[in-house]
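Next come two complexes, and both contain chain A; in the first it sits with chain B, in the second with chain C.
== the complex of A and B ==
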């Protein structure tokens, strides 16, 4: 160990109480940052996965322009060719096809405007969580064509129940009138009011028949092995687009493009979180600044003597910076360890925040929240604390460069 | 042969609104291997003189030459290097580095000079043995008596064979017996190793051991006595 490092380590323990308090402040900031960042990122992943599972999937292939303008005629003409291609792409967990139509739905008593979605019940159950969201009745079977799943809020509005009939009236792909009577087989509740109020699901074959779709669909909905794989899978799809789309104008979209509102919500929340973290780090930085300023002021005489016997100011500055780094590293390591342990505990058991269930439900988040520890969440915050601490100890250390031996030694 | 030569050194300080004339034109020549005491009452300018000879402070006017190095031609970095290689300091309040052991304190100066570790260790042990601190190498300053601390300070000052050792009232914080032992030790170093000592004091016993007694009063040399 170099003598500077040895001196630095011994110097920081000359005032153990002050050192312990400073280390505790750094460790606390590190711990809070590890936990809060893990918590935020964990919540975002839950939000994304929940939304993705309920409606959009991680990725979709659509006809060019369908995302912006949901016209019936903007279709994927040959879904089988897309299916053959998707079977070869690595990182895809499952995929399914959907078709959507905007209709009026009527019961005996009321009429509402809704989106009717044609689904392949078996494939849909692997891609989305809709099967598990059915609260009344049962999920669709593979050969169900004129039976439907409807949202709980819509069923309340229409005043219908299981086995009741509803009439849908819309426009087919060829401009013809699309009309059918559907029997309600199941009622789902996702917790997302907009979804539960506006969506009806029925068998894809029945939908294609009613809406004159032929074999075409509107969306190929894809889930990746994990959220982290989405960009890679998207890249794979886009790289091979020319081989699969033929003369069709198709677009490969990820969840951020399909649900920009969710992304903006996450970004807003992240920004507000970052502002809070910056405030926390600044408070800690002032504490560190104060500690180092005190440590330097009370040792001015000692620095004067060191300069008198030939130590250069830069060497003393280096010594003081070593002291800062030693203390910060100990604090940061403790912060990461404690923060990670706390996070791992709550990652297993979750956190219940009373009174927020309804709000969370609207974002598809369960009432128990789970932080998720990752390399980024465990290191990003502490790294910022390390840098800020380093900078805040640098300014007091600069004072040493201005010291003159005689004046410093005269300091009491 | 002169190791220190000062000509017409003047130095003033500002204390609040009052300007204090610390040195009013001092000429002093000290030969190599001398054992010189600067005597005089408090505030006479002894410490200021030592600080100027040691390159810790610069005079307002006049010239200082130490071991053929003229301070007028040197910047702060040059002066720091000169202090490191040519001058040893012993302070009234010992001023050892509190977090280093006795041997580490002595080694520290050699470390700054870039002396290899093994040589540093050997020389530090040897000099600590010479000042009577054999077996106390690993004690921190707080674990040593005042006399022992000052011995470590002397060892630190002379370990790198400086041209001169400047000691500012080295016995002021010691009892008379310990003080005398320390002066005898310094005298021994002076005699055996030909180290030049210049020290300030107003201790009669210390003055008795000096080979030359320079008395300063109100910033001027009022008496310069070569003793047998």
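== the complex of A and C ==
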């Protein structure tokens, strides 16, 4: 340990109360930042995962233009070939195929317009959370064709229950009329009102028959091993895309392209959060700037003596900088530790804010909020605190260069 | 005497005072500014949702809200009209609507929409539709088969003004009724969802198509002034309920109609005040530390004062008065800066349309006009002042506890 470092460490404990308060201020800022950032990132991840799980998947392959217009005729003609290809791509967890059509759905009493989605029951259960969302009745079986799952709100609107029949009426891929009677097998509740009010799911085979789709589908829905793998899987798919596309115009899309609103919403929230944190850090910086300044000004005489016995000003500056850095580092480490502990506690038990359940549900967040500690959330905030306090300790240290030993020693 | 003494004391070391003042000013400024942004957002959200066909108060058939179909419509409109004219202040406006789920289709597309039958001349004054027409014309009361649709709807259907649109819905006889309309106008709205959801036709045409006779789905009422706390609306609704005196009609205020908005308002206020507290703690450390240092420097002085006969309480009072000045100065400057920065951006607002998809996801307006609420200013000021004085008690007690002889011996 260099002599400066040793002196710095001893110096800061000459006035333990002041040092502790300064460290506490830094630790507080660090703790708040660790916790808040973990909290935000945790919420985002939950939101993304829920949306991905309920509807879009991490990635999709669709016919070019389908995302924008959702036109029935924009199909993937040969899903088998896509399936063969997807089996070879690394990083893919599971995939499934879906087809969608807009329909008029009627019970004896009511008529509503909805989206009917044809799903492959077995594969779908691995890709999306729909199976676990069935609250009443049961999920579809592999060979179910003319049975349906419907959203809870829709079932209320239609005034139907399990085993009731509903009629769907829409337009097939070739423009013909598509009509069928479906039996309700299960009722699901995702918590997202729009989804629960507008969606009916039925067996893909049945859907293809009713809507004259042949074997074609609209979407290949893919989940990656984890959210972080998505960009790599997308790259893998795109690299080999030309080989499988043949004459079809297909597009590989990730969840950010499928749900631009979610991404932008998150970005916006993150930016507003960051602005708030910066303000907080500046307030803290001013609070501790004073301490650094005073620690130097009250020791003018001491510095004068040191200079008189031959210590160069740059060495004293170094010493003073070491003092600030020591305090900052201790504060930040404490901040990270306390912040992480608080985060881990809430990560386990969740945060419940009364009265917010209904709002959060619409964004796909369950009634408890769970922060998520990660390397980024644990270090990004404290790092900024470190930089800013470093800068604010720099200005007082510069004062030392102007000191003249004789005058300084005359100072009381 | 305390006042003069304290004021002079805080300027004995101007640099130190200014640095800590900066911390207080920035903290208070951030409280005021963020509060104003949030309040502006809230007000706009409420205004938007009220003008998106909600209104301050609505009257429905008691079953309509759970099951919005034509069977659950209201007759005996004259009675409602009379009750309204009798109870409401002048300046209150209302309009009748038929509102029902329907399927809109043309040769290529079909989608679910909300068919809204309106009284054109009254509706323009109470909801967004009055001033958001971007092309074509608005409906006229005598229009036979004309319809207006949203910009996003038009794009989705790949159609244009003058084209036909078929609407289908269940009529009062439980038959599927359908009718062709010609698009005469296009409206735009804050969110694409609204543009896609609503299509408007004259109320007479909707009633005819659905075989409703004279009955209607809802009456939407706009009070002359929006009260974001909802108190005025609640009062007006109460008067109305007594005047109607009929349980088959349900009168609800926007707070009851939009529980999500109400919950959102409560949640954001909660977060705002938490934020106030966090900022305070950050500056609180600075306040304590600075005051402490100022006091340790002056221990000799306090010892002398005590030796001259000052009571400990008087020393505490002196120190607290100093902090008080510091805080008041910081709070006032912070508030003034907050006001100035809000005024500066309130003129043009903050344009978030680059993130339109994001604003829609959170349901916040595209252009944000900050708005300062007296309540937030008072809360911010009081939080900083009271807690600031509270934390300065610690150094003040230190100063008061000094023993004259030891303190004066110190250099």
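In the analysis below, the second predicted complex is superposed on the first by the 412 of 412 C-alpha atoms of A that agree within 3 Å, B and C clash if a C-alpha of one lies under 4 Å from a C-alpha of the other, contacts with A are read in each partner's own complex, and residues count from 1 in each chain.
Here is the rule we use: a residue touches a chain if its C-beta (ideal position, glycine included) is under 8 Å from a C-beta of that chain, and two chains touch if they have at least 3 such contacts.
Every value quoted in this text rests on a predicted model; they were computed, and no experiment measured them.
K.L.:
Using the superposition on chain A described above, determine whether A:10 touches chain B (first), chain C (second), both, or neither.
P.N.:
Touch partner of A:10: chain B, not chain C.
K.L.:
Using the touch definition from the top, say if A:289 reaches chain B (first), chain C (second), both or neither.
P.N.:
Touch status of A:289: second partner only.
K.L.:
Who contacts more of chain A, chain B or chain C?
P.N.:
With both complexes superposed on chain A, more residues of chain A are touched by C.
K.L.:
Does the superposition put A:28 against chain B (first), chain C (second), both, or neither?
P.N.:
In the superposed model, A:28 contacts chain C only, not chain B.
K.L.:
Which partner does A:406 reach: the first (chain B), the second (chain C), both, or neither?
P.N.:
first
K.L.:
For A:310 in the superposed arrangement: first (chain B), second (chain C), both or neither?
P.N.:
After superposition on chain A, A:310 lies in contact with chain B alone.
K.L.:
Should A:274 be classified as contacting the first partner (chain B), the second (chain C), both, or neither?
P.N.:
A:274 contacts neither chain B nor chain C.
K.L.:
State the interface residues of chain A toward chain B in the complex, per the touch definition above.
P.N.:
Those in contact with chain B are residues 3, 6-7, 10-11, 14, 301-302, 305-312, 315, 405-406, 409.
K.L.:
Quick check: in the complex, which residue numbers of chain B touch chain A?
P.N.:
51, 54, 56-57, 77, 80-81, 83-85, 89, 91, 95, 97-100, 104, 107-109, 111-113, 156
K.L.:
In the complex of these two chains, what residues of chain C are touching chain A?
P.N.:
15-16, 19-20, 22-23, 26-27, 30, 34, 66-67, 69, 101-103, 108-113, 156, 168-170, 174, 176, 259-260, 263-264, 266-267, 270, 275, 278-279, 281-283, 285-290, 292-293, 297, 352, 355-362, 411
K.L.:
Which chain A residues qualify as touching chain C in the complex?
P.N.:
Residues 17-18, 21-22, 24-25, 28-29, 32, 69, 71, 102, 104, 109-114, 156-157, 159, 170-171, 198, 260-269, 276, 279-280, 282-284, 286-291, 293-294, 298, 353, 355-356, 358-359, 362-363, 412.
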